[in-house]
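Next come two complexes built around chain A: one with chain B, the other with chain C.
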Partner chain A sequence: MTDREIIELIDKSIAEEFELDEAHMKPEALLFIDLELDSLDIVDLVVVLENAFQFKIREEDSIQEIRTLGDIHRFVINKKKELNKQ
Partner chain B sequence: MAWPQSIRTKRPVNFLLIPLMNLTALPLMLLWTAVGIFLFPALFFILKTTTRWDAEQITRRLIWVYGRGWLAIMLPFIRFELIGIKQDKIKPPCIYVANHLSFFDIYCLAFLPTFNVSIAIRNWPFKMYWYAPFMHMAGYINVENKKWEEIFEPAARVLSNGGALLFFPEGHRSRNGELQRFYSGAFKLAVETGAKIVPLCIKGTNEVLPPGRWWLSPAKVTIKALEPVNPKSLADSSSHRLIRKTVKNMMRQSLAEMALDPAGNTDVAGSECSL
Partner chain C sequence: MRRVVITGMGAVSPYGKGVDTFIESLIDGKSAISAVANLADMKGLRSRVAGLVKDIDPKEIPRKYRRSMSNMSIYATLASREALDQARLNAEQCASGQMGVAIGSTIGSTQASQEFFDKFLSTGGLEQMKSTVFFKIMNHSCAANVSQFLGITGRTLSPSAACSTSCQAIGYGYEMIAFGKQDFMLCGGTDEYHPLSTGTFDILNAASVKFNDQPYRTPRPFDRDRDGVVCSEGSGILLLESLDTARRREANILCEIIGFATVSDPSNIANPDMASIKRCMQLALNDANIKPEEIDYVNAHATSTKQGDIAESEAISELFGDDTPVSSLKGHLGHTMAASGALESIALVEMINRGCLIPTLNLENIDDACANIRHICKFERSSIRIAIKNNFALGGINSSLVIRRYKDD
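And now, the complex of A and B:
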């Protein structure tokens, strides 16, 4: 899976789950402000990403630092690379 | 200033009713609000000393009466239709979830056959200083920017005391009349408490008072209660996402059916309302 495909899958999964307009799915979009997610949505977001990529991320400390959609892209891409190395 | 199309084309008499409504109903509503605020302390004291209701229940009952007064003022100008609003079907404890079209929605909920409802809403209504003290006394829950635990504790207490909660899962009034995305709070609460969800579909309040407009228009308002959804009846009773999607699909389908009835025909289960 290329980085581009990962990003597209992330955007598609999040847009579908939270019924967001794909035009708003920009890397600089802030999750709480631009995408209007709330704290419960973040829990759902983790489930959505885990289902889409078939790995566990809820115990990762670095998810606490995610603020934007671009942060999610980078997090998942790095996680995939990490898993591929193992 | 353009008249709403449905009024312009279907009910020409409303050219007279609109000014009449705004010249009579608006002042009456302000007067009713002032009277309510003035009488509240005395009524609260009387009920507190003569009943076993706690402060929240007394305030909710008085708010319900206030809401009924609002509706009585509106009755000459708005044709209300209630569908499926039956005591046995929507009896608390339960969680009402309603679509949100107008500030007026909240007053329409005085049609519910129970007064014991706590409303879970965003912060801005708590900024209306003339309502805020009563909202706090009634135990309404401010859900904006709160941690889940801060919402869950008072909400679960309402349900365990036999009350109901009302959520507008869209979070905002719809600007185009379409159902918006649903937030998860009401559905997570249903999963964690086992309380049933009662979907309420509202149609027409955005013709009475749409977001951004300050004058009223006559219209037909329909409120329809759908079949309650018990979290335990779903395939995955632990998934608030599944319940959220199930309820939203039910409401979307029902609102689409209601939209096919622009002439205001009442279906078999419907009833015109009187207070």
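And now, the complex of A and C:
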């Protein structure tokens, strides 16, 4: 997958799960403020990403640092690269 | 003790959304029952008919609230909002602490439980579980979801007594207001259809199985050819409030609740007992401080089972004689389970205010064993001043409400 394809799949999966308008899916969008997600949604967000990319990320410490949609893009791209090296 | 009145009603039924659709379909004599093809997929299930909710849009409820709701909570939320709108109560009154909720279901969502265990068993663990699954399965799911959505801050009660659930919910709400603990109570019941609902009755040989090709002909309360329950889904919600509050805010009063009783029948966990049903109705009359001859109409539970219809008609005959009009709405609606008491109470309020009696649909040949009461077999114009509403549940839980046309005295 290219980085572009990864970003598109992330945006599509999150928009579908949380019924978000794709126009709001901008990298700078803050998850809790701009996308109006909350702590319950973050639990489900992890499940959505794990299903979309077939990896396990629930125990990753760096998830705690995610604040924006762009942070998710970067996190998943890095995770995919890391897995590809293994 | 404070007097308690009904000032709002909401319905989601197999006819669709809203009280108007519900009552007009009943008056038109429409059956809400249809054939459900996928029931044939369940091995051992012989009944293939049900009353399923249609024409609603769950997305009327924002995702943030809807994510913790199964269908039964969605039905209850839409019906609750309609009841509050009719009562002209707003967010401020919901948040006043003087409004409570008494809404129950038979159990938490079976569909959500099924989805949980499907994933749990197929993956061997919890990794695929969404955060909101528990909120759909917990027993007080519907009451909690309605309170969350409407911002209600008073007491939350979630009675669960199968087919007596919403009759009890209304009764407990009535008592809570009468005792001055709350000014407003949003009361009722809700259930969503799952094949196991029908399965529960089919295992007991109490589900209708002979009309799979003619679903509109079943159930048939009190009829010679009745063959059991048809399960349905929906929600009925009534807004109860103290008469003082209703007068102060010049609310449109729909009816008054004047009596309630609920009793346990320990004689058998499944079979209804005539003496216990009679005792329940008598206690409700005592609570209302009225005599049997003051009852103008009996809205029966009558689900179309062999034993239940006979026990109820005998109890009605012993208490009210053979001249008081009786009908059951199960012939139209099927059995909406935890919603039945509330949906049928809504219909009763409408019958009182419209001056009419809705007949028992599909009652073509009265069973000799049920012939000791006056059955309503066709639509009648009639002035009802006071009526009694029955609901009886597996587990031996009987309940009755007494409802009076409101007069400003």
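The rule we apply is simple: the second predicted complex is superposed on the first by the 86 of 86 C-alpha atoms of A that agree within 3 Å, B and C clash if a C-alpha of one lies under 4 Å from a C-alpha of the other, contacts with A are read in each partner's own complex, and residues count from 1 in each chain.
Note that a contact is a pair of C-beta atoms (placed from the backbone, for glycine too) under 8 Å apart; a residue touches a chain by one contact, two chains touch by 3 or more.
Because the structure is predicted, anything quoted here is derived from the model rather than measured.
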{"item": "Chain B versus chain C as contact partner of A:R58, first or second or both or neither", "value": "second"}
{"item": "Contacts of A:E8 with chain B and chain C, given as first, second, both or neither", "value": "neither"}
{"item": "Which of chain B and chain C A:E19 touches, first, second, both or neither", "value": "both"}
{"item": "Chain B versus chain C as contact partner of A:E82, first or second or both or neither", "value": "neither"}
{"item": "Touched partner set for A:L40, first chain B, second chain C, both or neither", "value": "both"}
{"item": "First (chain B), second (chain C), both or neither touched by A:E50", "value": "second"}
{"item": "Common interface positions of chain A, toward chain B and toward chain C", "value": "18-19, 36, 38, 40-41, 44, 47"}
{"item": "Residue ranges of chain B in contact with chain A within the complex", "value": "147-148, 171, 180-185, 188, 241"}
{"item": "Of chain A, residues touching chain C in the complex", "value": "18-19, 36, 38, 40-41, 43-44, 47, 50-51, 56, 58"}
{"item": "Footprint of chain A on chain C - complex, ascending", "value": "63-64, 67, 127-132"}
{"item": "Partner chain B, residues of chain A touching it in the complex", "value": "17-20, 36, 38-41, 44, 47"}
